[in-house]
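Here's a structure for you.
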Amino acid sequence: MYRSRPKDKLDDHVLKFLSSIQQDQSILYYDVQGSEAHSIMLHEMGHLTSGELKKILAALEEAKQEPDKIETEGYEDIHEAIEAFVIKRAGMDAGGKMHTARSRNDQVVLDIRMKIRDDINDVCAALASLIVGLVTRAQESKRVPMPMYTHLQQAQIGTFSHFLLSYAYALMRDMERLYLVYQRVNQSPLGACAIGGSSISIDRKKTAILLGFDSIVRNSIDATSSRDAFLEYVATLAILMSTLGRIAEDFIIWSTTEFGFIELADRYSSTSSAMPQKKNPDPLELTRAKAAIITGNLVSILGIVKALPSGYSRDLQDVKPPLLGTSATTLDAIKVIDGAVRSLKINKNKMRLTLQSSW
Amino acid sequence: MYRSRPKDKLDDHVLKFLSSIQQDQSILYYDVQGSEAHSIMLHEMGHLTSGELKKILAALEEAKQEPDKIETEGYEDIHEAIEAFVIKRAGMDAGGKMHTARSRNDQVVLDIRMKIRDDINDVCAALASLIVGLVTRAQESKRVPMPMYTHLQQAQIGTFSHFLLSYAYALMRDMERLYLVYQRVNQSPLGACAIGGSSISIDRKKTAILLGFDSIVRNSIDATSSRDAFLEYVATLAILMSTLGRIAEDFIIWSTTEFGFIELADRYSSTSSAMPQKKNPDPLELTRAKAAIITGNLVSILGIVKALPSGYSRDLQDVKPPLLGTSATTLDAIKVIDGAVRSLKINKNKMRLTLQSSW
Amino acid sequence: MYRSRPKDKLDDHVLKFLSSIQQDQSILYYDVQGSEAHSIMLHEMGHLTSGELKKILAALEEAKQEPDKIETEGYEDIHEAIEAFVIKRAGMDAGGKMHTARSRNDQVVLDIRMKIRDDINDVCAALASLIVGLVTRAQESKRVPMPMYTHLQQAQIGTFSHFLLSYAYALMRDMERLYLVYQRVNQSPLGACAIGGSSISIDRKKTAILLGFDSIVRNSIDATSSRDAFLEYVATLAILMSTLGRIAEDFIIWSTTEFGFIELADRYSSTSSAMPQKKNPDPLELTRAKAAIITGNLVSILGIVKALPSGYSRDLQDVKPPLLGTSATTLDAIKVIDGAVRSLKINKNKMRLTLQSSW
Amino acid sequence: MYRSRPKDKLDDHVLKFLSSIQQDQSILYYDVQGSEAHSIMLHEMGHLTSGELKKILAALEEAKQEPDKIETEGYEDIHEAIEAFVIKRAGMDAGGKMHTARSRNDQVVLDIRMKIRDDINDVCAALASLIVGLVTRAQESKRVPMPMYTHLQQAQIGTFSHFLLSYAYALMRDMERLYLVYQRVNQSPLGACAIGGSSISIDRKKTAILLGFDSIVRNSIDATSSRDAFLEYVATLAILMSTLGRIAEDFIIWSTTEFGFIELADRYSSTSSAMPQKKNPDPLELTRAKAAIITGNLVSILGIVKALPSGYSRDLQDVKPPLLGTSATTLDAIKVIDGAVRSLKINKNKMRLTLQSSW
């Protein structure tokens, strides 16, 4: 089995401290997929019989379909838990071989790379919808004159659509960046094992192809130690969130009584019992806050890898929560801004009045 | 009731985005306590009859004893959920008055202040234990000569206890700092309401005394807008974690085969199936990583409050998760280092050999 | 002499990379003071004759009075440069003994501690002036009704003075924190030498008293390795800057044409040739930006010490620039806000009009 | 002229606070180039006569050749100072027209984009040299067996070249990223003016072509407000520095007496007078520290743009110092690692001995 203990058992509080099992739910699916590809390759290279392969695949398929059946209590991470599940289902003879020529060091990087690939697609789909929303609203408001501001002081005459399109342009660069990150993420680390590869004959390109990777990370130290592609992904989302936060800021200011240029839809605002006539831009404020949260996540990851020696260190486990959290938060925030943009009301009159009273 | 909606209902994804209900479990207890004190004060000021007070207190007591009974589904935060619970138990007539002269803006700051007070005590207790552990081990190793390093190069002769005591001194400053933070945390914001206090007669000092506060935050804008005491708390823990991370680094280096000065106890190390003779310092590596995580949390909070206008904004809700996470993580990390210190084996021979071979 | 080279000379670009000589100008004065106290102690302990002491003190006094005479070209830091200056003036026999029982490892920490002490006093003096300014303006505006905002939406009626006092309260906590930091800064590390103290008899308390320290940092590893007091200082200023940035934000919003509650004095605003009637709140915007700059400085220092082993490492040299920059920037920003507060014009009419049109 | 003052003059301390003139020296060259292209375009569009253009270009050429002649005292930034210089040389009639249809808002973004283009080329050239150095040393050490580590514990047998190539692979990704950033940087913002473009007929594509840009930033709000390309650049360097810092960490550990796998050349190490036999890896330690410094710079810039409304705000001026500092520091650090790699001595014996004593 994967991780054997030194003689003494871990104290409960140490096990809890070491365990990543809760965050691992979101990579479970990818872990199973990776194990499927790895097992098929092991079979093709002669390390697993057809019978063993079948048993393993059946167990893995069950794990994928009914993940709740996987016992997680007492395991340090999902890799252990799935291995134990497979051994229970497929027997020690077959299941025990599933991790031949593999280590959790290359496995965890594989899982996260697969997860990021899907997240990039989700984020880009949401971004595309938001950009469509912005352009749609821009089309209907291209004749709506509105003051433009520098230093938050009235500066020139523009249109509301001019602002919406400025957001769309910036977000298109974000999408472009995500597309470019994908290339560096989409390389398979599988086969690098603990750090130095395996003495057993394996076919790294085979698993890469089965899992849809463009290529492999050639150097095994690089494959298990480097996290620069993850950093690039999180930095890209931090930049994207910075743009969303600035859009939120514009909308918050414009929906004050004093500016009054837009009115948020009821379902994108809150109120309070004491002052029911108020319309508070809570979802926008939280989007603004999330930009700061993601900056913090990026700092956490940059800090974790700071001055870390080559070779897997357990520190790298803590990259997962801020990385996964960044994906989820960004996706939510894009959808919130999308909904807010599509549903907000434009107060042309207030814009016109402000322009008239301006010099 | 607390938060009434504009006409349209929130979309599910917006509600999820707005909701802090999951993080709020850890302030539930304090929220109930705060409501008890507030209700008693309302009664003493003549705003609640004895009967109403009794009903409210009974409901709150039930909430405290059996928090699982509180319905949270569909509520944006724990304040709403508890209010709804009380109204259901105590009736609209009594329960509906519980929030007289109060807002979730002063309430949430109150809850977090009470939570931090307890967390400071917990962290200090754990720190005290760790310091005792360090001093104990120092006493038994004060005759153990060991090389001292600058730039990780052998520099002078010292003792193992000299290092342990250097940690103890640093951690005592951390404890001192926490004690000082407590003073600024231990001031009651209750009664500041949304931002400008209440026109209803209340006794802010009364609730402060009931809840064990030293004094009140006098200015109501300050009470609801400022988060500097929270920042101070998180910064203090970030500094403490930085010290723990450096202790971890020393131990990681000293437990390499090459240095070999100490050996971690089995229950504070991990191994791997492929190389069962290895002893990996996983809990120490995670402690090192946690220092970076907490730095990220601090950055998140500093980022959230950056350039936030006076008056409660929903952004401030997002201060909670990094703040609460910082408390919990720091507490865990202290205990891990405490256990590691108390159980590690000192290799006097290796220290002596290194000194002999040194110039 | 202090730092002797291995055989080969440093390449120019490496020397430039290693050198801190430019940032060191601001600790030159303290370095000289520290050398004076150290030399007096060395004399009292019998390591320097009266004649040697006189020569050294004369050279140091010259260095203090005419710092421009100190050759810095080719030296890695100010400690080396001053030592070379003293040797040139006092001769190798006397000057060469000045660093007996001292290392640049304890010396640099000493210098920075002395610098921070003075900076704390300067910052507190500037803060006191700002608080006086706020209270003065508050007194004259306590009858000026003004809308209060939550979520940047009009919420309750308050007064302008209510806001000004909320700032004053927050800044008083900042001053309180600085006072508390002073205690942990004001401890002498001198005598810790490279890491393990000195075999030569010295009197650490003597130098501490001469230099105005409350006490000494007892443990020599702690004295040379720890930077927690510096982190505490920078974190405290980051929190203070966060408050200043929020004041700036309020003022920026209130001085828009749309809100129009205040008007900045000409000398605290800018304009542009194209739109001369505009009044841009540039000094406030830069104050807001500085809050982010200081957060970055704090992250730099937390990152530098992250996972640094015990004992001086050259990494610690890079703590200086962000630390010194934080002091200077904070001081400037306080003065800018002070001047802006004292000179801004309150538009009572606009406040009244807004209140009247509000529900 | 560019920036006219409101009636009152700025206080000296406010001018100092506002001024970016010192940091601007490194964009002076680009500012002049931009003005040349802009003036040529103005002439082609009929806004400047041949005579006026000649006078302006002569003055600008002088500014480029002898930048020390440009008076900077009393100016807030280099744009003002150069304009004043041109007006003095070319006369008010010609020089005063140089900024027709231009604002410092589009000008400063233009300058920084041009500066980043050159910096990317410099960084990539230095990276290429470092990669060549790594591969060269790898070729000569591919038969040098060396232990590989996970968790800093001996794990598998590898070779020294395996490590060097892992660095080379990672750095090639950094170079790839810089190449991709270049595309988004290399778009001309010129012509966006203050925020909304100009009513005067200009040819944005003409200036873009003259200055070597691939295309223009179409939307004028986007062109003056967005800083995502700058963030992307700094984030890319932060990731690169994180890799360099990890290489430095490996080398620092390997050059301890205990590991002893490599020995730094004298000119890439330091020593101390007290312990002249020590060889301290100071340049590597500073490289490690610089990684943290750059993370702080990234945080500063992310913090500055956080929640900034659309349209130029003076906050953006403070993006310059951390951005320019990041370029310079990264370039220095690459060269230091390059020199260290090429000059370090490999201790094959120590590697072999460690492998033999290992299980």
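Residue numbering begins at 1 within each chain, and the chains themselves are lettered A, B, C and D in the order written.
Keep this in mind: a contact is a pair of C-beta atoms (placed from the backbone, for glycine too) under 8 Å apart; a residue touches a chain by one contact, two chains touch by 3 or more.
Model, not experiment: these values are computed from the prediction.
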{"item": "Identified repeat of the A-D interface (over half of residue pairs identical), from A-C, C-D or B-C", "value": "B-C"}
{"item": "Maximum centroid distance from subunit B, chain identifier (CA atoms)", "value": "D"}
{"item": "Geometric centre distance via CA averages, subunit D-subunit B, whole Å", "value": "39"}
{"item": "Between subunit B and subunit C, centroid-to-centroid distance (C-alpha), Å", "value": "29"}
{"item": "Residue numbers of subunit D (touch at least two other chains)", "value": "150-152, 155, 194, 253, 275, 279-282, 285, 288, 291-292, 295, 298-299, 302-303, 306-307, 313-314"}
{"item": "Complex contacts: residues of subunit D adjacent to subunit A", "value": "105, 148-152, 155-158, 162-163, 165-166, 169-170, 173-174, 176-177, 180, 184, 194-196, 217-222, 224-226, 228-229, 231-232, 235-236, 238-239, 242-243, 245-246, 248-250, 253, 288, 291-292, 295, 298-299, 302-303, 305-314"}
{"item": "Residues of subunit B touching subunit A in the complex", "value": "1-11, 13-14, 16-18, 76, 99, 103, 194, 265-276, 279-283, 285-286, 288-293, 295-304, 306, 313-318, 321-322, 332-333, 335-336, 339"}
{"item": "In the complex, subunit B residues that touch subunit D", "value": "150-155, 252-253, 256-259, 275, 277-282, 285, 299, 302-303, 306-307, 354, 358-359"}
